[in-house]
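The same chain A turns up in both complexes below, where it pairs with chain B and then with chain C.
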Partner chain A sequence: MTTVQLIAVGVLQALLLLIAAPLYSGFVRVMRAKIHSRKGPPLTQNYRDLFKLMNRQEVISEQAGWIFRITPYLTLAAMLLVALILPILTVWSPLGMVGDLILIIYLFALPRVFFSIAGLETGNSFGAVGVRRELLMSALVEPILILVVFVMALLAGTTNLGGISSQVVARTLPYSMGFWLSMASFAFATFVEMGKLPFDVGEAEQELQEGPLAEYSGRSLAIMKWGIYLKQLVLVGLFLALFLPFGSMSSLTAVGGLVALISFALKALAFFFVAAFLENIMARTRFMKAPAATWLALGSAVLSFVFYLANV
Partner chain B sequence: MDAIQLLLISLIGYCAGGIASALFARSSQRARLVSGIFGLVASLIGAASAVLALRAETPPQVTFQGLAPFGDIVLKLDSLSAFFIILITLIGAAASLYSIEYLKEYSEERNLGAIGFFGNLFLAAMLVVVTVANALYFLVFWEMMTLLSYFLVIFETEKRESIQAGYLYMLIAHAGAALIMLAFLILFQRAGSFDFNAFRQLPLTAGIKTLIFLLTFVGFGAKAGMVPLHIWLPRAHPAAPSHISALMSGVMIKIAIYGILRVSVDLLGAQEWWWGLIVLGFGVVSTVLGVLYALTERDIKRLLAYSSVENIGIILIGIGVGMAGLALKQAPLAVVGFLAALYHILSHAFFKSLLFLGAGAVIAQTGTKNLNRMGGLAHRMPWTALFFLIGALAVSAIPPLNGFVSEWFTYQALFSAGKISFFPLRMFAPLAGALLALAGAFAVMVYIKAYGSAFAGPARSEPASRAHEPGVWMRVSMACLALGCLGLGLGAPLAAPWVANVAATFSGLAPVTVSNGWQVFPLDPAQAVLSPPLIGILLIGLLIVPFLIVTIFSRTRLRSRQNVEPWSCGYGYSSRMSLTASGFDQPVKTSFRGLYQLRTLLAGPAQIVKGAAKPALNWVSRVEPLVENVVTRPTTRLIETAGQWIQALQMGDIRVYCLYIIITLAVLLILLFGRGGL
Partner chain C sequence: MLETIEQTKSGYRYVAALREQFGRAVQDESWQAPDQVTLTVDLNTLPAIVSWLYYQQGGWLAVVAANDERPLNGNFALYYVLSVEGNGSEPAQNSDKCYMVVRGLVPPYQPEFPAVTPHVPAAVWYEREVRDMFGLQPVGIQDERRLVLPDDWPEDLYPLRKDTMDYRLRPEPTTENETYEFLDIGDEELVQIPLGPLHITSDEPGHFRLFVDGEHIVDADYRLFYVHRGMEKLAETRMNYDQVPFLADRICGICGYAHNVAYANSIERALDITIPERAHYIRTILLEVERLHSHLLNLGLACHFVGFDTGFMQLFRVREKAMQMAEVLTGTRKTYGMNLIGGVRRDILKDQRVQTLKWIAELRQEVTSLVSILLETPYIVQRTQNVGRLEPQVARDYSPVGPTLRGSGFDRDIRVIHPYSAYDRVPWTTSYKDGCDVLARTLVRAEEFFTSLSLVETCLETMPEGPILVEDFQYKPYRFALGYVEAPRGEDIHWSMLGDNQKLYRWRCRASSYNNWPPLRYMLRNNTISDAPLIVASIDPCYSCTERVTVVDVRKKKAQIIPYKEMERYCRERKDSPLKT
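Right after this comes the complex of A and B.
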C-alpha cells in the first residue's frame, strides 16, 4: 500500500467513525431501556439530540474563558487524530508516520486536560467535583494502559500500532497467558475510560465524571457530546486494533475493504453490547471504592507482564 | 572570536554586573537595571560561546596558573559542558530580563544591589562548575554556587521559614559536598593530581569504582533533590525571589545531574550494570513521590518545587537506562537513555522556569502564594495565563509540546531496555514505565489544579479580583521561554539529533541518527516513530471539522449569551461554591492515604470529644509526607544530637583551642617517633 492510499483509508475511516459514533452510543441507550423494561428511544435519537442542540442558543457562564469555548472543538479534533492513526480497516496504521501507541495514550490526555480546565473555569461546583473524579479515575487507569501497551509492544518488538496489529493477524505474536491477561486488563481499562458503571452513572451526567458538561449548552454541548461519543468508539477501536484485529485488510481491495468494515462494525457492536450489559447488571458502588477495582486490574496487568517474562 | 574568549567575556560580564549592582545598591532602580542588563548580555555571549564550542573539532580549552599543589585551573568546553552552558545561559537570559521589572516590587524594602550581586555571581559560578576540568576547583566553585544561592534563599531575612529553609539547604548541600569531596580525595590519593584527565586514565579496582560511584551519586543526588534527600528543595526554592527560583529549579539542580554524568559516566565509564539500576530505582521513586507530594500542595511555588523532584526522577530514569546500557556494552540503549535524560533536562529547564516566572507574576499581583486565595486571573492576566498554560501543558507531557517529546524518549528508552536479553533490565524497565505513566497522570492533575485554582473560576480573594498584567519585559521573557517549549516540542526533529550527538559524544559512543525528515525515532525507526510537527499541524487542521459541522448544521442566528451565573441548583451563586485547591486533591488524599499518612490534629477542647468527633476528623487532617516522618526527621535529629556533642569540644575559648593543637601535635609526634625511632 502506498502512503497516499493509506492516508485515504485513514481519512475514510475517521469520517466513518465520526458518523457512526452517535449510533453506537444510541445502541447503548436502547439496550439500557430494554434491560429496564422501558420502550426507550429509537436508535437514531442521538443524532436528533445533536441537531436539536446545534440550533439552540448557547448560554455560557460569565466566568468562562476561551479554554471553555475551545474545548469541545479540541476534543473532537484530538479524537479524530486518534481515529486517523488507529489501524481499523487495514492492519497497518494509516497515519503511522505521525506516532505510535504511546502518542495515542497521551492524545487521550489532551482533551482531558482541556475538559478539566473548562470544568474549573465555569466556577460550577458540580463541574469541579466531576473534574477531580475524572482525573483520579484516569490516574488509576493510566498505569494499566501503559503496562499492557508495554507487554504487547514487547511481544511484538515495536510500539508502532500497525506493527502490533499485523503481527496479531499474522499470528507471529504468541497467544500466551500474557496476551490473554493483557486483553482482560485492557478491556477493563477501556470499560472505565468509556465512562461506564460502576463508577459513573449513564444519563445523569452532572453527577459524576461528566460533571463539566453541566455548563455546556447549544452547539458547544453538541460538539462536546459528539466528541465523547467518538472517544468511546475510538477507545473500543484501540482495543480491537491491539487484540482482535481480525478481518482488517493487509492489502487494499474492494472486497477486503467491505469485509474489514463489516467485521469492525460487528466487533465494535459486540464490545458495546457486553459493556452495556455489564453496566446495567452491576450495582453502583461508591466512587471512593474505585481504587480497589483498579488495583485488581493493575494486578492482572502486572501478572500478564510476569507471564510475558516467564514466557508462558 | 573563539569559544574560550566568549566564555571569559561572559564570565567577566556576570562578575562586572554583580559588582556594579552591589556598588549601585543605594539606588535600587540602577541596581536592578545594571544587574539585569549585564546578566542578559553575559548570558547571550555565554550561549554563543557554547554554540561555537559545539562546532569545534576538538573541545576548546584554556589553562590558568593555579595554586601549586592543586594543579592548574583548566576550563574545557567539551560537548557535555557546552550543552549545560546553553542550558544555564538561555534560562539565565530569560531570568535576567524578567528580573529588571520583577524586582520593582521589592525596591522599597529590599537591597536590590545584593540580589543582583548574588544572582549574577551565582550564574557565573554555575558556568565555571560545568566547564572546569579539575576536581579541586570543581569543588571550590560548587561550594560558591551553593553559598551564593543560599544568600538568595534567605533574602527575606525577617521570615523565620526562609532562615529555616536556608539552614536545611546548607546542611544537606554540605553533607552532599562532603561525600563528593571524599570521593575526589580518594581519586586524588591514587592519581596524585586533581585533574579530571588523570582520574579518567586511572586503573581502579571495581570496588573502588563502586565506592566512588556511590559517594558521588548520593552527594550529587542530595543537591539534585532526589527522594529521600529532597526535603530541602520544596522549602528552599520557593523562598528565593521567583526569577532565582526559576534558576534554582530550572538550572541548578541540573548541575548536580551534570556531576553525576561527569563522574559516573565520563570518569568511571559506568562500569557495573547495577549502578544504572540504582539510578533508575531512585529515579522512579522520586518521580512517583515527587508528584504525589506536589499534588497536595496549596503553595504554588512549593507545588512547582515538588514537581521538580518528580522531573529529576524522570531524568534519572533516562540516565539509569543509559548507564546500564553502557555497562552492558549496548551502545544503542546507552545513547537512547542519555538522549532521553538530556532532552528532559532541556525540556524541564524551559517549562519549569517558565512556570516559576509565571508564578512570580501571579504572586506579585495577588500578594499570596496560596492557590486557595487566587482564582479568575485568566481574565485579568490573559498573557500570563496563556504562558503558564503552555508551561503546564508541557510539564503534563501533552503532545506535541517538549515535555511529551522527552517523556516519549524516556518511554522508548525503557522499552529498549525491556527488549534486551538481560533479565534485571527486562524485568524492571517496563515496571518503571508503568510507574512513569502513573506519575504522568498525576502530573496532569497537579497542573490542572495549579492552573485551575490560579487562573480559572471566580476570584477568591480581594487582591485577586484587582490583579492586572505584569510589565512588558516580564511578559517578553515568559514568551521567550514559552516559545522554547513549543520549539523543543514541534522542532524535535531538529533538536533531537543535536542532543543525541551530545549524548553519544560524552559517553564515548559512535554518532547515531534519531531523526529523518519530520520524524524522530529511538535509533531504530522500526521500533517507533513520532512526528511532533505533524501532530501539531493535524490537531490544528482537524479543528476545521467541528467548525464545519457547526456551520453546516447550526441554523440558529442567536449569538451565545455570556451574562449568566454558573448553575447552582437554583440557589444564588457565590464564588465560595467553586472548588478550592485543597478540595481538588481530596479524592487522591484519601485514596493514597498510606503515602500521605494523614495525621489528624486535634487541639484543646476537641481532645475531650475525640471519640465522638472521629468521623469528622478526616476534614481537619493535615497532609504530611511519609518520607519526612520516617527517614528525614530521625536523621536530622541524629545529626543535631551529634552536633551538640561536638559543640561541647568547641567552646569558643582560644586557650582551649591552643590546648587542642598542642595535644594533636604531641599525639602526632609520638606516633611518628614511636614508629620511626623504635
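Right after this comes the complex of A and C.
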C-alpha cells in the first residue's frame, strides 16, 4: 500500500468514526432505557441533540478565558487525530509515520488537561470539584494505560500500533498470560476512561451537576459532546486494535474493506453493549473509594509486566 | 360531652404535676378532646414549662401556632403543642400519652415573648415564623434572620395578622437583590458551594449553602420558602369548612390526603363529631395507599441519587400499580377529594376491593424482589451506610418525625401513640432502625411499605358495613382542636380554630418536612458534597408543603437570583442575559 492510499484510508475511517460516534452513544442510551423499562429515545437522538445545540445561542461565563473557548474544538481535533492513526480498517496504522502508541496516550491526556483548566476558569465551584475528581481519576487510570501499552510494545518489539496489530493478526505475538492480563486491565481502563458509571464521578449529574461540562452551552456544548462521543469510540477502537484486530484488511480490496468495516462495527457494538450493561446494574461509587477498584486493575497491569519479564 | 372527657382524659397526671411544680403560673386548663388539653400559662414561665414537658416528661414538639386573638380577647396567643409521651419512669401506657398545648398570651402593646428555642432547639423555625408572620419578637433567639417571608418583603407587614392585608395583596418589593445572609462561619479557607436555589436533582427550589474543605462538608446553611402559596391566609379569608379539605389536598403532591384527614380530624374533634366506623376504615385504607406510592417514590429517589437509575426506573414502573390503586378507590390517581367534615364522600365497592387486593399481592411480590436487588447492587450499601448520620441526641433536641426519626432508633409513630382512624382497630407493628444513617431511613421505608400493604389488606377485609358520612352537626364558633396524621414522611399536624362566619378563624397546618429540615444541618456535617443530595433526599423533604404561607412573585424571584452567578443559567431567560458575550 502506498502512503497516499494509507492516508486516504485514514481520512475515510476518521470520518466514519466521527459520523458513527453519536450512533454508538445513542445505542447506549437506548439500552439504558430498555434496562430501565422505559421506551427511551430513538437511536438517532444524539444527532438531533447535536444539531439542536449547534443552532443554540452560546453563553460563556465572564471569567472564562481562551482555554475554555478552544477546549471543545481541541478535544474533537485530538480525537480525530487518534482516529486517523488507529489501525481500524487496515492492520497497519494509516498515519503510522506520524505517531505511535505513546503519542496516542498523550493525545488522550491533552484534552483532559485543557478540560480541567477550562473547568477551573469559569469559577463554577461545582466545576472545580469536578476537575479535581477528573484529574484524580486520570492519575489513577493513566498508569494502567501506559503500563499495558509498554507491555504490548515490549511483547511486539515495536511501539507502532500497526506493528502490534499485524503481529496479533498474524499470531506471531504470543498469547501469553501477560497478554491476557494486559487485555483485562486495558478493558477496565477503557471502561473508566469512557466515563461510565460507577466511575463518572467527575461529571456526576446528581452530585456535581455535571461538573465542568455544566458551563458549556450551544455550539461549544455540541462540539464538546461530539468530542466525548468520539473519544468513547476511539478508546474502544484502541482496545480492539491492540487486542482484537481480527477482520482488518492486510491488503487494500473492496471486499476486505467491507469485511473490516462490518467486523469493527460489530466488535465495537459488543464492547458498548457490555459497558452499558455493567453501567446500569451499578450505583456510582463513592468518589473516595474509587482508587480501590483502580488499584486492582493497576495490579493486574503490573502483573502482566512481571509475566513478560518472566517470559511466561 | 364534658362528662365523657372527665372520665377518660389522659393528660391529667401532667396537669397536676405542672400545677404542683409551677403553681399559679398555670392559669387555666381546657380539654378539647380526651387526649388534648390546652393550658393557659404565664408568658414568662412558658419556656420553663415547655422545656420541662419536653425533656422531663418525654415531650416532642409537634407544632407552634400563633393566633391573632385581638378581636376575641385583646391579645395575640401562642400555642406550643407538645406530644407528651411519658418519661419512662413508669411503665408506658397509652393513657399517659396526650397532646398538651401550652398557651401564652402576648399583649399587643408589647409584641414580644421569651423564646423557647434556647431551651428546646426544636422551636427555632416556629419562633422565626411567628416573628415573620405576626411580628411577635422572640426574645433570646439567636438566629434573627427571616424564615418564611421573602427578602424583599416590606418590614412591618405581618401577613397573618387579621388587620394587615387582603390575601390578594402583593406588596411592592423593597429591594432588587436577595439580601438573605447565609451564616458566616468565619473561615476564609473554606469554599462555599451553593446547592440551589434550583438544583438539578431536587427539582424544587431551596438554597443550600455548603461550607466545604475539599470534598468535605464542614457546615451547612439553607434558605427555603421560595414557593409560598398563602394557603393559611387563603383558607381563613375565603373558604368554608368543606372547601378547605380540597385545599389541604393541594398542600402536598404526595401526602395531600394525610393533610386532608388531619384537617378533617381537627374540626371533627373540635366539634366532637363521631364519624361512622366505615369512614374510619376508608380513611385508613387511603392513607396507607398514599404511603405506598410515597415510599416507592423515595426508594426510587434513593437509587437515583446514588446513580443507580435502573432501580429508580424499575421502582417507578411498579409504583404505577399503587397509583392505579388510588384511581380505582378514589377516582383520581392521587387520593384527592375524598373527605368531608363528618366522613368520606365515596364508598369502596366490592369489585374495587377485589381489584385492590389483587394488586396488593402483585406489589408485594414485585417490591420484595426489587428491594433485594437494590440491597445487593454493588456500592449501594457503601454509599448509604454511615452517611448523613442523625445522632439520637440531635433527633431528641429537634423533634424530627417519621422515618427520619425512626431511622435513629426511636420507635415513635403517631399511628400508635395517638391512634386515629382505624389504626387501633387492626393489628400491625411499627418499624424502626438503629443505624441513624441514610441506609437506616431507607430500610425503615422499605419495611413500612410492606406494613402498609398488610394494613390495606386487613382493613379491606375487615371493614364494617354502614354509612360513611354524618351531617347532623353544627359549627360552633371559636372551638379549636388538633388533628394529626402519620403521613409517609412523618406526623402532619393541623391546629384549627373555627370562626363565626362559616370560615376558619385560624388554620395552622404543619407538614412533616417542617420538623425535619432544622436537624438537616447536623446530618450534612462531616460528609462529602457528593453525598449532600442523597442526605437531603433521605429525609424525603417536601419543599412545597413546608411552604404554605404568603405569596411570592415568581418572576421577581428569578431576578433576585442573579448574584448567584454559578447557578443562574438555570433560571435566566437567555435573551436577557447580563453575561452575554
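Here is the rule we go by: the second predicted complex is superposed on the first by the 302 of 312 C-alpha atoms of A that agree within 3 Å, B and C clash if a C-alpha of one lies under 4 Å from a C-alpha of the other, contacts with A are read in each partner's own complex, and residues count from 1 in each chain.
Everything that follows uses one rule, which is that a contact is a pair of C-beta atoms (placed from the backbone, for glycine too) under 8 Å apart; a residue touches a chain by one contact, two chains touch by 3 or more.
For clarity, every value in this text was computed on a predicted model and none was experimentally measured.
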Which superposed partner A:2 touches (first chain B, second chain C, both, neither): neither
Partner chain in contact with A:62 - chain B first, chain C second, else both or neither: both
Partner chain(s) touched by A:283 [first = chain B, second = chain C, both, neither]: second
Touched partner set for A:251, first chain B, second chain C, both or neither: neither
Touching partner for A:37 - first (chain B), second (chain C), both, neither: second
Contacts of A:73 with chain B and chain C, given as first, second, both or neither: first
First (chain B), second (chain C), both or neither touched by A:311: neither
Most chain A residues touched (candidates chain B, chain C): B
Interface residues of chain A shared between complexes with chain B and chain C: 57, 59-62, 123-126, 128-129, 132, 214-215, 287-288
Complex contact set, residues of chain C against chain A: 191-194, 199-201, 214-215, 303-310, 312-314, 317, 377-380, 382-383, 528-534, 565-566, 569, 574, 577, 579-581
Residues of chain A defined as touching chain C within the complex: 32, 35-38, 57, 59-62, 123-126, 128-129, 132, 197-198, 200-201, 204-210, 214-215, 217, 280-289
Sites on chain A touched by chain B in the complex: 18, 51, 54-65, 67, 72-74, 76-78, 80-81, 84, 95-100, 102-103, 105-107, 109-110, 112-113, 116-117, 120-129, 131-133, 135-136, 138-147, 150-151, 153-154, 157-160, 163, 214-215, 218-220, 222-223, 226-227, 287-288, 290-291, 301-302, 305, 309
Sites on chain B touched by chain A in the complex: 376, 378-379, 389, 393, 396-399, 404, 408, 411-412, 414-415, 418-419, 423, 426-427, 430-431, 433-438, 440-442, 444-445, 447-448, 451-453, 456-458, 518-519, 526-531, 534-535, 538-540, 542-543, 545-547, 549-550, 553-556, 558-568, 573, 575, 577-579, 583-588, 590-591
